[in-house]
Amino acid sequence: MPETVTATADFAAAPISLWRRGMNSFATFAAAVSVILVLLPLGAVFGYLVYKGIGSINWAFLTQTPKPVGEAGGGMANAIAGSAFILLIASVIGVPIGIGAGIYLAEYGRNQLGNIIRFTADVLNGVPSIVIGIVAYGIVVLSQGHFSALAGGVALAIMMIPTITRTTEEMLLLVPNAVREAAYGLGVSRWRTTLSITLRTATSGVITGVMLAFARVAGETAPLLFTAFGNQYWNWKINQPTAALSLQIFTYAISPFDEWHRQAWAGALILIVLIVVAVSAVRLVAGRGMLKGAN
Amino acid sequence: MTGPQPIAKPEVAASSDVQSQPLLGAGNSHVADAIFHLAMLACGLCVLALVGVILYELVKGSRLSWHAFGLKFFFQSEWDPVNEQFGALPFVYGTLVSSFLALLLAVPLAIGVAVFITEMCPRWLKGPLAFTTELLAAIPSVIYGLWAIFVLVPLLRQYGEPFSARYFGWTGLFEGPPYGIGMLAAGIILAIMVVPIVSSITREVMTAVPQQQREAVLALGATRWEMIRTGVLRNARAGILGGVILGLGRALGETMAVTMVIGNRPEIAKSLFAPGYTMASVIANEFSEATGDTYLSALIEIGLALFIVTIIVNILAQFLVWTVTRGTPARSHA
Amino acid sequence: MGVGIKVDKLNAWFGKTQALYDITMDAPANHATAIIGPSGCGKSTFVRCLNRMHETVPDARAAGRVQIGELDVYNGTSAVQIRRRIGMVFQKPNPFPTMSIYDNVAAGLKLNGFHDHKRLDEIVERSLKLSALWDEVKDSLRKKSGASLSGGQQQRLCIARALAVEPQVLLMDEPCSALDPISTGKIEELIFQLKEKFTIVIVTHNMQQASRVAEFTGFFLLGKLIELDKTEKIFTTPSDKRTEDYITGRFG
């Protein structure tokens, strides 16, 4: 871009003035300060989670259901299990569709329809989660007649699909064409090649995508408010209201009771540990090279 | 390499039976291939269908409210479920103000962080810093909300708000009783949540600026900052704007953290200390308790508006980012 | 035993541009036929048309008649079946990166539904011996991944992989161009031995290589087969002026 070069021509002639050196130092300083300002809340959030949460995590918290207001003790066991249950439902629905759509985009999607789907997935990624909650309410809760784990799972599945689709596509495209050709040359059919060679070569990358999607929805609350709804008791039925860790944290956080506040922090600590473990695992796998040895 | 070595004598006899009786049957793969193609296509179409279903559900659900209030819905400020009077203006106002406040705080920080990570910091620090800022994006909204209620809000109440009222009260933006809870708290917590997305996209577009651009400017005797300003930021500005707009999209639709600290009162006040309400928050708070079809429909219509606005914002942002990163492979922003 | 290849009026196109013009030739059974010619003259396109690999390129098209033994490549058989009868080795070694050495060799059979483990073991061993890799990898068959081998070993692994499905013809598209001289020597030696069992078509840029391994050599230029003859004859007394120009290094 020649425009850039002319724009810089004015300082090209002069030796570096005090002013310019000052600006340079100031900019460096300002950038460093913004890093600190951004890391500060991160540190504060984690610090408080550990500080407030760790004391409240105990055996009862992990194994009991909530006690009625006013009674001390009780725990979030049913909420932790409920979250796992809802996430399981979401994965069963979302992972196959997401991976399938990713395969379509990478292996068959070099066309107009592929571009449209790619674009739509990116758009879907930006739809607010609360809106997705409304939709899951409309298609599941209204037709079933009551709140349910299934409705929560559907909402989270809708949120997982675009992330999984796009990372799967990206990872499959990293697999060199020579690898596909090698399989075709052996007389392996196209679908077999895609599943057993291309997808298998990209497995760790695809898992990364799934984990990212997982981490992203694991703490979602808004789309569960009027789908899974929450429950004070254990529930393993797919068509019944179900507790979720994030919902429970929300309810307890805005309540006026100290005991519940304490438990909200404990629940939040557990939630964040689960998510950070997932994200770090992804980072570790990704850092070791998505496709080690694929040339 | 182990160097040349004698080749094992091929055992010609071993495969003598093979030619008469091929190892592999003559499986026909056309049908299986076609089925597989169709199945994958169906998954792809699911993604399209999802957006269609979302739009359909929202339009269907909001029809009642649309017929009752029309476009006026978004310009009336009365929200009275008891008398079935619904106007969404306070929510629109609250959403816009909290989001813009968030961007005002977040954008300079996010660009600063991106500049620091891509251009200034030592190589060994890059990975950890990038990872740490991305960790900010992984914290769930409800945890930000929890933290804000018990840490940020008391801080604001005790120090932040009295301080800003004393020195900036004359602007009219910082007056009234310092509750802590209110628009300011919502803006700050949103800013913290928006920083990672803006900075990660800024980093991405800055990385996409070709190295020659940097070298061309440096070769003219520029300082590092001048190089960053003219060689990098200027070339990446469309993409950075895209990142900012993507951040806006995130802020507009963010629900839980805001709901927990904004005060949830459908009022329009000039002061940032005053409580407010956003579109996403009103849905979160009132949807499951909405009695009456019009009430529910009004909430869904707010959802529809939110959907349309975020879609437009996202398309715009993606287009802008694409103008800079085109040519480099796409990345999804999880 | 290998079978002969008969090519009759083979034409090929990429979209609108024609890449091969009326190729007519025979490659006799259990012999190696080398294909030489300047870059871009259609050598790769030609060998890929022999096992219909060109079909994996969008809007590539071929017309004409190719017979592998009794099998009519373009009529009545599916590409997948053709490719099971014709092994292919590519210019750059392309082992399956996440599979072990064993699985790489067994891939062609396993993926096509062959699961007799005892026979698989035998076949893997035999194929690796045939490709002269057995002694180097026999202790780490299932431990090492295909991608962890050296370039020359990888290429021999790819040859073993192609041999494991027991093809009748082996197509090799510049199999040595990415290798060092020692690995090249090994593979040439290997080709020499494989001729006993397979019919080989080998594309090469290296004329010494052609004269070392092939009985017959065809010279391609601008998508046309200029001449095909005994290798010796091509390199000493070619009948076409253009062949002579090429082998004496006057162009290309």
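Going in written order, the chains are labelled A, B and C, and every chain counts its residues from 1.
In the analysis below, contacts are C-beta pairs under 8 Å (C-beta built on N, C-alpha and C of every residue); 3 or more make two chains touch, one makes a residue touch a chain.
These numbers come from a predicted model, not from an experiment.
Counting only chains that touch, the fewest steps needed to get from chain A to chain C is 1. For chain A, the chain whose average C-alpha position is most distant is C. Chain nearest the geometric middle of the protein is A, using mean C-alpha positions. Taking each chain's centre as the average of its CA atoms, chain A and chain C sit 47 Å apart. Inter-chain centre distance (chain B to chain C, centres taken as mean C-alpha positions): 51 Å.
Chain B has its Cα centroid 12 Å from the Cα centroid of chain A.
Counting partner chains per residue, chain B shows two or more touched chains at residues 24, 27, 29.
In chain C, the positions touching at least two other chains are 80-81, 84, 112, 165.
Looking at chain A, residues 187, 189, 192 sit in touch with two or more other chains.
Residues 1, 4-5, 7-9, 11-12, 16, 20-21, 23-24, 26-28, 30-35, 37-39, 41-42, 44-45, 48-49, 52, 96-101, 103-105, 107-109, 113-114, 116-135, 137-139, 158, 161-163, 165-167, 170, 173, 187, 189-192, 194-195, 212-213, 215-216, 218-222, 225-226, 229, 246, 249-250, 253-254, 261, 264-265, 268, 271-272, 275-276, 279, 283, 287 of chain A touch chain B in their complex. By the touch rule above, chain B contacts chain A in their complex via residues 24, 27, 29, 32-33, 35-37, 39-48, 50-51, 53-54, 57-58, 60-61, 108-113, 115-117, 120, 127, 129, 131-136, 138-147, 149-151, 192, 195, 199, 213, 216-217, 220-226, 228-231, 234-235, 246, 249-250, 252-256, 260, 280, 283-284, 287-288, 299-300, 303, 306-307, 310-311, 313-315, 318, 329-334.
Of all residues in chain A, only 110, 176, 178-189, 192-193, 196-197, 200-201, 203, 291-295 touch chain C in the complex they form. If you check the complex, the residues on chain C that touch chain A are 51, 53, 56, 58, 80-85, 87-88, 90, 92, 94-99, 107-108, 111-112, 145-148, 158, 161-162, 165. Residues 1-5, 7-8, 10-12, 14-15, 18-19, 22-30 of chain B are the ones that touch chain C when the two sit in their complex.
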